[in-house]
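The same chain A turns up in both complexes below, where it pairs with chain B and then with chain C.
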Partner chain A sequence: MIRATDLRKHFRVHKRPPGLAAAVRSLWHRKYETVKAVDGISFAIARGERVGFLGPNGAGKTTTLKTLSGLLHPTSGTVEVEGHTPFRREGAFLRQITLVMGQKQQLLWDLPPADTFAMNRALYDVPVAQFDATMKELTELLDLGPLVTKPTRQLSLGEHMKCELACALLHRPTTLFLDEPTIGLDVSMQLAIREFIRDYNQRHEATVILTSHYMEDVVALCPRVIVIDGGRLIHDGDLRGLIKTMHPGKLVSFTLTAPMADDELARLGAITREGNRVVVQIAEAALREAVGHLLASASVTDLSIEDPPLEVVMRALFKDGAAPATT
Partner chain B sequence: MSLRSTARAVPQLLRTGLAETVAYRAEFVVWMLTTTLPLVMLGLWTSVAADGEFRGYSSPDFVAYYLAALIVRNLTGSWVVWQINDEIRRGILAMRLLRPVHPFVAYAASHVAAVPLRGLIALPVTVILLATTARDSLTHDPLQIALILPSLAGAWLLTFAFLFGLGCLAFFIDKSMALLDVYFGVFAVLSGYLIPLSMLPSWLPTVARWLPFRFMLSAPVEVITGRELGAGGAAQLVALQWGYAALILALALALWRAGVRRFEAVGG
Partner chain C sequence: MTAALRYPRLLALQLRVSLTTAMQYRADFVVEGLMSVYWVSWNLLPLLILYADRPSVAGWDFPSALVVIGWFVVLRGILEGAINPSLVDIVERIRTGAFDYVLLKPADSQFLISTARFAPWRIIDVIGGFVILVIAFARLGRTPAVGDLAAGGLLMLAAVIVMYALWVGVVAASFWVVRLDNLTYLLGALFDTARWPVQVFRGAWRFLFTFVLPMALMTTYPAMALLGRIDVTTALACVAGALALAIGARLLWIGAVRNYTSASS
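On to the complex of A and B.
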């Protein structure tokens, strides 16, 4: 169980205007500003849940993750992870968690990943038999193969991230904090990592907390999302619920095989048109009738019905700044 | 993590540290070349003493002193201050903090692992030179010879703990590396790295005798060369050195604890 109660993390930041005069003035007269990176958020996450943290840059997602993993001391409020207070960083706590940050590495740069794996085995005091079994499992799931004996500096970004993930999971943590784990990876590698995370979650009943700018990661992995903006929690609940609240209705896409006037289409809902391809946003109550009407029309083909993309929902959410009802 | 688990991790940390040292071989050799100041001073002072003793030092005394200083410097020098500073400033210290072994142990193990290789490069030539050109300026007392290793270990720990503490200042000061230049200036003079402490002017030798810097370099050199010490004096010196090492280590770890509370784990 992870529980944060009225969690706050404020930073004191030195501010000065640009220019030489301001630089000289700041020698004896420094101005500081308090940045409220996390400003009173509360949530509880049960064992085995997969939760996505969403929010624009600087929203406070990574700060929350760092506080949950014990890297940062909260300014106020309480945090509890599997019965531990994270910032105390007790051995028993550190052995239960892992934090993967897409932009930071723990692999030793000039040595093959196998050397870092061996070091982590010793640091986490993992029995050799368990280490061998885990290594076998991770090699299979992540298709590591010969990568582990190649110098880390010679690995591609995708190979590197796979090895980072393996390294972070060697001690079989039960709580995974994943901060942008697919950043910079190509689509097929993103897919592989996503599948791996879901599989690990199911095999080990591990709790997964994920932040990602790739909405596909969140959609594919996280039934529940916590949305943070300006350090405050603005939504905590079902991902579909968020989409429905922010963007009621469905997107119906189809291709026109014969011309059809925009006025006629606009009767169904808000339309977006690109050549013959049309997307109409239709309210759920009117969906059945509208789709029936479209299918009956001889000039419509290739029709599909989808939820609005999460990117669109998030854009609307952060543009409006309006907090939807927390579920 | 328990002490037993930490102890079990140390052999692997040493192996990894050695593998890293070998991987960074070019950087390693360059770093070793930067510790050759004693050789420059050796050339200078042996020519000063060519016509007779200078301030109580004959030419072989200077050879013994500076070659011993070279050995001590090579075996006890540390780059941990750059490492910590860089890791704090770039936020990558986060990865160390997430591991269940105190980062001090991990840093120390990786530095200890480099010592055998440094010894392998620095010791053969210097020991042969010492034995052939300055044999009479070295101690022959077996008890004092037995204290050489503990004094080298004490100097290593004291230097490492001091520089670890200095590195921790990056938690509090943005440009803490500027202090390293101040440290190195003070160290060069008050540790005996530049000239033997007894040759310092006026009241400085008295002050230097009681400051920690002496125990980082001059103390093991004094044990090796045996000037005015004797086994009893050498034992007292080593005891004082280990006392200083324990004190500085405690201060450095306190600084670490206070610093980690302020760590902002920037980036990412």
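On to the complex of A and C.
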């Protein structure tokens, strides 16, 4: 169980205008301002849930994640992870969690990952038998094979990330904080990592909290999303609910085999056109009738019905600022 | 694994990892080894020039000053082999943010960063330093008494603790002062003064190098103990000073980590 209550993290940062004169002045007179990275967030996450943190850059996602993992002291409010107060960083707490940061590495650069694995085994006091079993399982799931004996510096970005994940999970943590775990990876590798995370979550009933700039990661992995913007929580609930609130209706796309006037199409809903390909946003209530009408038309082919892409929903959400908090 | 054995085992593992890393670069191993031999010889040059036309400086004759230099070379070997590599490593980790991973491990963070890297070839400096010590005593025409050896050993240990404490202080400062490379440069330059017996310096400088920056504790007093020239009070004061510095460094480290975790983003 993870619980954050009115969590706040404020940073005091030194601020000065550009230029030499201002730099000299700032030697004596420093101006500080308070940045409210996280500003009163509350949520509760049950054991085994997979939750996505969404928000633009600088929204406070990583700060929240770092506070949950014990790297940062909250300015005020309380945080509790599996019965522990994270910033105390007690051994029992640290053995239960893991933090994977896609942009930072813990593998020793000059040595094969196997050496870092051995180091972590000793640090977490993992019994040899359990270590071997976990290693076997991770090697299978992540298709590590010969990677673990190659020097880390010779691994490709994707191979490196797979080994970082293995390294972070060797002690079988039950709470996973994943900060951009698929950053810079190609599509097939992203897919592999996603599948692996879901599999790990189900096998070990592990709680997963994920931040990612790739919306597909969040769509595929997280039934629940927490949207943070400007340090505040603006949505906490299921992903589908968020999409429905922000972007009611479906996107119906089709190809025209014969010309059709925009006027006629616009009666169905908002349209975007690219040559013969047309996308119409249709309210859910009118969907059945509109699609029936389109299918009956001899000049429509290749019709599909989709939810609006999450990127579009997010753009609308952050453009409007505070969206209605659902759930 | 019992708690008492945990840290020695982790230390052994960290040493093994450093040795393995060093072995990855075979050419470096040879070059660094040769460099060590070169530096050991280079350290003797100023001493040879200074004593070329005078029998004694500030009460120190050539063989006695050689004892100071010998221990200085050993201590520098320890600094370059066991302390500085970790320092460089931790600066890099703070810069890249990988220090976060250190804080998330269920082990003492000061221990982990202090033992992160070793430069095994520096053992050549340490051996070279001991060879100089043997030569110095051969020139004195005697061997140190058992009591002097024990006192010397104790003060050498105190010297290593002093050096380590200063180093932890510098690392802790790096949490506040980002440009740590200047601080390490300063510490390196100051450490170089420890090659001379502290009596060479006069007035304010001697006070500075004894009490403020304890260079005297690092080389002069252990050498004096080996030579049988130290009184019990001074020896005990050295040990007490080393312990005080170690405690101070620990407190500074705890404060620095707390500052890091409440200020970093």
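Heads up, the rule we're going with is that the second predicted complex is superposed on the first by the 326 of 327 C-alpha atoms of A that agree within 3 Å, B and C clash if a C-alpha of one lies under 4 Å from a C-alpha of the other, contacts with A are read in each partner's own complex, and residues count from 1 in each chain.
The rule we apply is simple: contacts are C-beta pairs under 8 Å (C-beta built on N, C-alpha and C of every residue); 3 or more make two chains touch, one makes a residue touch a chain.
Since the structure is predicted, the reported quantities are computational estimates derived from the model, not experimental observations.
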item	value
Touched partner set for A:Asn57, first chain B, second chain C, both or neither	neither
Which superposed partner A:Tyr124 touches (first chain B, second chain C, both, neither)	both
Partner chain(s) touched by A:Ser188 [first = chain B, second = chain C, both, neither]	neither
A:Gly70 touches, of chain B and chain C: first, second, both or neither?	both
Partner chain(s) touched by A:Leu111 [first = chain B, second = chain C, both, neither]	both
Touching both chain B and chain C, residues of chain A	11, 62, 66, 69-73, 89, 91, 94-95, 97-99, 101, 103-106, 108, 110-111, 115, 118-119, 122-125
Chain B residues touching chain A - in the complex, by the definition given at the top	1-2, 5, 8-9, 11-13, 15-16, 19-20, 23-24, 91-92, 94-95, 97-101, 106, 261, 263-265, 267-268
Of chain A, residues touching chain C in the complex	11, 37, 62-63, 66, 69-73, 87, 89, 91, 94-95, 97-99, 101, 103-106, 108, 110-111, 115, 118-119, 122-125, 151
In the complex, chain A residues that touch chain B	11, 62, 66, 69-73, 89, 91, 94-95, 97-99, 101-106, 108, 110-111, 115-116, 118-125, 179-180
Chain A partner contacts - residues on chain C that touch it in the complex	1, 6, 9-10, 13-14, 17, 20-21, 24-25, 96-98, 100-101, 103-107, 258, 261-265
